[in-house]
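Structure in structure tokens, see below.
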């Protein structure tokens, strides 16, 4: 024991003269750090996808309906409700939040005597910390999700424009798994898909490599999976939650990834479709996606189905309106052949009204499903449009699909901005023409798929937006035609609608082409329905307005497809067919009164 | 559980062995009666609220933030709070987060040994609804099924600042005469005991630890 | 060497059975010692644990890999980051993900700060166990300054949940380095004070020298690691022997002692705190300021880790901390085992060392072994 | 370390070692038959420098009906860790005790007895409670023990919870009739 050891401890007194460590007012003076993981906040961007709930290891989050939320596409109407008897403030919910709406405040104090009080819905309940500006947010360089889409192999623009080979080559198995892995399986897309396909479930089968299970899921709602895997308008992808911070999941391509890996010979065995005849017959008018979809689901229920088709082959607009570089014939046939293999009777070259009267069908069958589509090109409604060098987009596509040369010439103007316009333009490119596409509004307003727009540009089509056709004149050469068009300015709509193009009279142009392809839309034709029935059916703008289960006022008649909906795409027609099949089944089994 | 058993007479103490039974009391606890004069009771409550002695029993991970609370930086002593090593001297039992079944047994014994008036404060999420360990086979989910709780402080971990806020809230409750957990325990004694014995399978202690 | 302590006949009346814990001021955490004493002398000791058992290894088997990330830090409350790092390292090894260099530096900084904070807490504990409560007041307060650093770096004081498989969760905040240096200076100054007040203190010296001597030949048969082992003269430290993170790029000395008693163990830890401060300063000076801090990850919501098994260890304040994991290719792990040094220090070793000790020294002896019950029972 | 594999090959002359696998340069695994394991471990400790028992644990392979014990040994001089696996029959899990090789082994064996029901005859205090107290179920670490269900049944969960699935909710809200009734076929 040394003297130093005895004295040394008294050093402690030196500290007595230092400033005290004590926080004077700890509660007020010590807010959480700027990054503090305090209580939850949620902003208006939340769409209620429930990914926060999926990742929460404590089951601290419930997705609950919230009153008074505005109904938006891709918004489930649910919001996360937190249980602060469970939450551990790990903030994984913040990290995984697909819209980045969820974050934490730096507020941390909640003391109460009621153990049942620790629940609140973030963002909608008024909590004391809702105005806090500090708190944990995900760092921009830190991700728990994969935001970039796996690009699909495609033909180069030079290769694709040289022929009618399919442009998109499909995912390899590895690519498909990687892309499927990005899905958070929230299911927000299901409501937006017109056919309400089980999207997260079939994406999961891709991830697991179980394509047979995937095929079964696809056929639950869509017997045109090979087709839709290629040309679907994929409304689902517009609401995909992954799109808020990166690319939406390539849902359409993943559907294709399933069907491309299952040969058609194995469909029957995998799907287990056994038909037990129930003795009732249903007639289907139109062998497009709507009609054939109805035929499939009706046949599966045991109905004897006869399909009446005006053309020589089935497929409708899919065959005659979609070029084969987007949808090869054999892929369409894969879908159609399977439906026919269940024993659907096809009557080709049979136009109702011309070859067989409507009333006869009504008498012969227990119910009728009508999906004749829109096949009358809309008129441009400008002077000179009956010029022989003004062709319709549909006719051009039809000719190409039937192996005929539409004779577009070397210089072509396409009028329109929809998929038919894009297809007509790209087909013309493949036939060797220089193509200008005139469209009234801006490129971002075009109703065509963004991919189609992008690809048509890559293939060398010139897009001329804000161009309003005014007049068509004879050209000096009788094999040519001249168009007069004027530039348009976009004018904001006072009523809150989308901006309107207004013709600028002082900026007119005149161009001469070998032909003009008009592709501004199509209309329907319903003359074949006898007048005595028409009074009982509701129409609007020459289109059917179906009731529940696609039924019309004429009880036995169900309608669907482009002629009965406003969306006018394949997937909507497919759902119409499926839904009508449900309706017909209910009708014929007495569950649905007329 | 046979509810009547307690209500009718002395505590059965049937978890104890025959020779141990003599060592423990079988008298039922009695609820606290407030002073008949309201002003006196109010004064007594004020006194109680300003001298909260915590039992130094770190039952779970919440104990880790009690160290800063009781040392120089946050210095809860200035609020009349101090740690006591024995239940006999303590008035506040802090349940530091999750309680395992094995610890619950010790918590009950310690709590019952505390002299009234006594208060229970639960820290963290686990005693509220299971928290992090909501699916664990060894931790309780709802602590209020086993002992009466006067105050909950959520968080994981609740910071020392919140603990101080909790102390202030508890003081307020005591001053208002609403911190009656101990009485609730006695008034619903059968219910609490039944819940305790439902999870503590080897009950080998007296039914009330005087 | 492993013979159980001789049986005691309690009915002889010479002995007293005494429970130290779980509700007892002289116990480290929620555990208990069942002591048999004869007069002041302990003649038998049994450690009882399980008061904090939450079944982590079971819970982790039913959580996905990302869901386990917030769980693991709770396994050792005073020192959560080692769990975070080891869990991340195990998952990274099994998946083949490599965390970027910047993340490795931040992780090292994080772990060394944690070591310093944990040692400060311990220093307070050993002071308090021998009656020097002033040291406890000082060190807990200074630990709080480090917790402030953690709060601004990670967003939480205790459960940081910062080292995530693949990297770390965020960059260092603006101006963090300066504030960190400032805290290190304060802690360093404090340590010099503590040396005067505690380590030169005649009471402390008298009571701790010779207390709880661990013979060198006991070290391996009892699985003793960390400072307890180094105080017995072994130059073994995983940061030197199997460098992980960026320890091979840092300069630090391995601290050893030969006396192997409570004082030596305390002194080894004391010097290691100085080494820790030295390493932290190097981290702050040499850390890369840009570059990614997270590797490219798959979608963690359904993260399947390939089948495999591995064991990764790190040097925590108490010794060898390790994670052993078996995966089977699914979204859930098949088995994880957490190896905490307290498992043997607090049970096999403590039960042996307690015999023959004065009952007043039991608390100090326990603290000198530096044990955390939650890592024993998990 | 290349000589770890060499070492195991040398040991392989006296022991039937299988599944030798090098995970890292400083970590390898092998499997030994139950009868030989303890002798192997003793020789590894005494002759090969594996003096440190890192841990002893068990993995439940319920599908194959086996337990796999892992004895993790460490050689400080060679800086090498070796995991020795031993398969046990899940229905009659019993293993020779190593409590006389390492002091902490008895604790590990107590834990394995409690958590998996594996018996280690001769191990001290084997049947004393370790972590649990008054446990009345099957050992909790067994794969067939459902801890969430048990927790819900015994410890209850607070009322006032309930979650809605986003896609189901949107279906009820937006297209309630668009689904096939169970009777209407489908696959």
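Every chain is named by a letter (A, B, C and D) in the order it is written, and numbering of its residues begins at 1.
Keep in mind that, in the parts below, a residue touches a chain if its C-beta (ideal position, glycine included) is under 8 Å from a C-beta of that chain, and two chains touch if they have at least 3 such contacts.
Here the structure is a predicted model, which is why all the values come from computation and not from measurement.
Visitor: Closest chain to the protein's overall Cα mean, using per-chain Cα means, please.
Guide: D
Visitor: Name the chain pair with more contacting C-beta pairs, choosing from C-D and B-D.
Guide: C-D
Visitor: How many angstrom lie between the CA centroids of chain C and chain D, rounded to a whole number?
Guide: Spacing between the chain centres: roughly 24 Å.
Visitor: What's the distance between the Cα centroids of chain B and chain D, rounded to whole Å?
Guide: That gives a centre separation of 38 Å.
Visitor: Indicate the whole-number Å distance between the mean C-alpha point of chain A and the mean C-alpha point of chain C.
Guide: 55
Visitor: How many angstrom between the C-alpha centroids of chain D and chain A?
Guide: One centre to the other, that is 48 Å.
Visitor: Using the touch definition from the top, which residues of chain D touch two or more other chains?
Guide: In chain D, the residues touching two or more other chains are 131-133, 140, 145, 147-148, 158.
Visitor: Any chance you could list the residues of chain A touching two or more other chains?
Guide: 21, 83, 85, 88-89, 115
Visitor: Going by the contact rule already set, what residues in chain B reach two or more other chains?
Guide: Where chain B meets two or more other chains at a single residue, that happens at 72-73, 102, 128-130, 132, 134-139, 142, 156, 159.
Visitor: Tell me, which parts of chain C touch chain A in their complex?
Guide: Contact set of chain C toward chain A: 63-64, 66-71, 132, 134, 138, 141, 148, 151-156, 159, 161, 167, 169-171, 173, 193, 196-198, 200-203, 205-206, 292-294, 297-302.
Visitor: Give the list of chain D residues in touch with chain B in this complex.
Guide: Per the touch definition, chain D meets chain B at residues 131-137, 140, 145, 147-148, 150-152, 154-158.
Visitor: Along chain B, where are the residues that touch chain C in the complex?
Guide: Where chain B meets chain C, its residues are 55-61, 63-65, 67-68, 71-73, 85, 87, 98, 100, 102-103, 106, 110, 132-133, 135-139, 156-157, 159.
Visitor: Where on chain A does chain D make contact in their complex?
Guide: Residue list for chain A touching chain D: 48-50, 53, 61-65, 76-78, 83, 85, 115-116, 119, 186-188, 190-191, 196, 200, 216, 219-220, 271-273, 297, 300-301, 548-549, 575, 579, 582, 585.
Visitor: How about chain C: which of its residues touch chain B in the complex?
Guide: 22-25, 29-30, 50-55, 58-59, 62, 70-71, 74, 77-78, 121, 124, 136-138, 140-141, 143-144, 147, 157-159, 374
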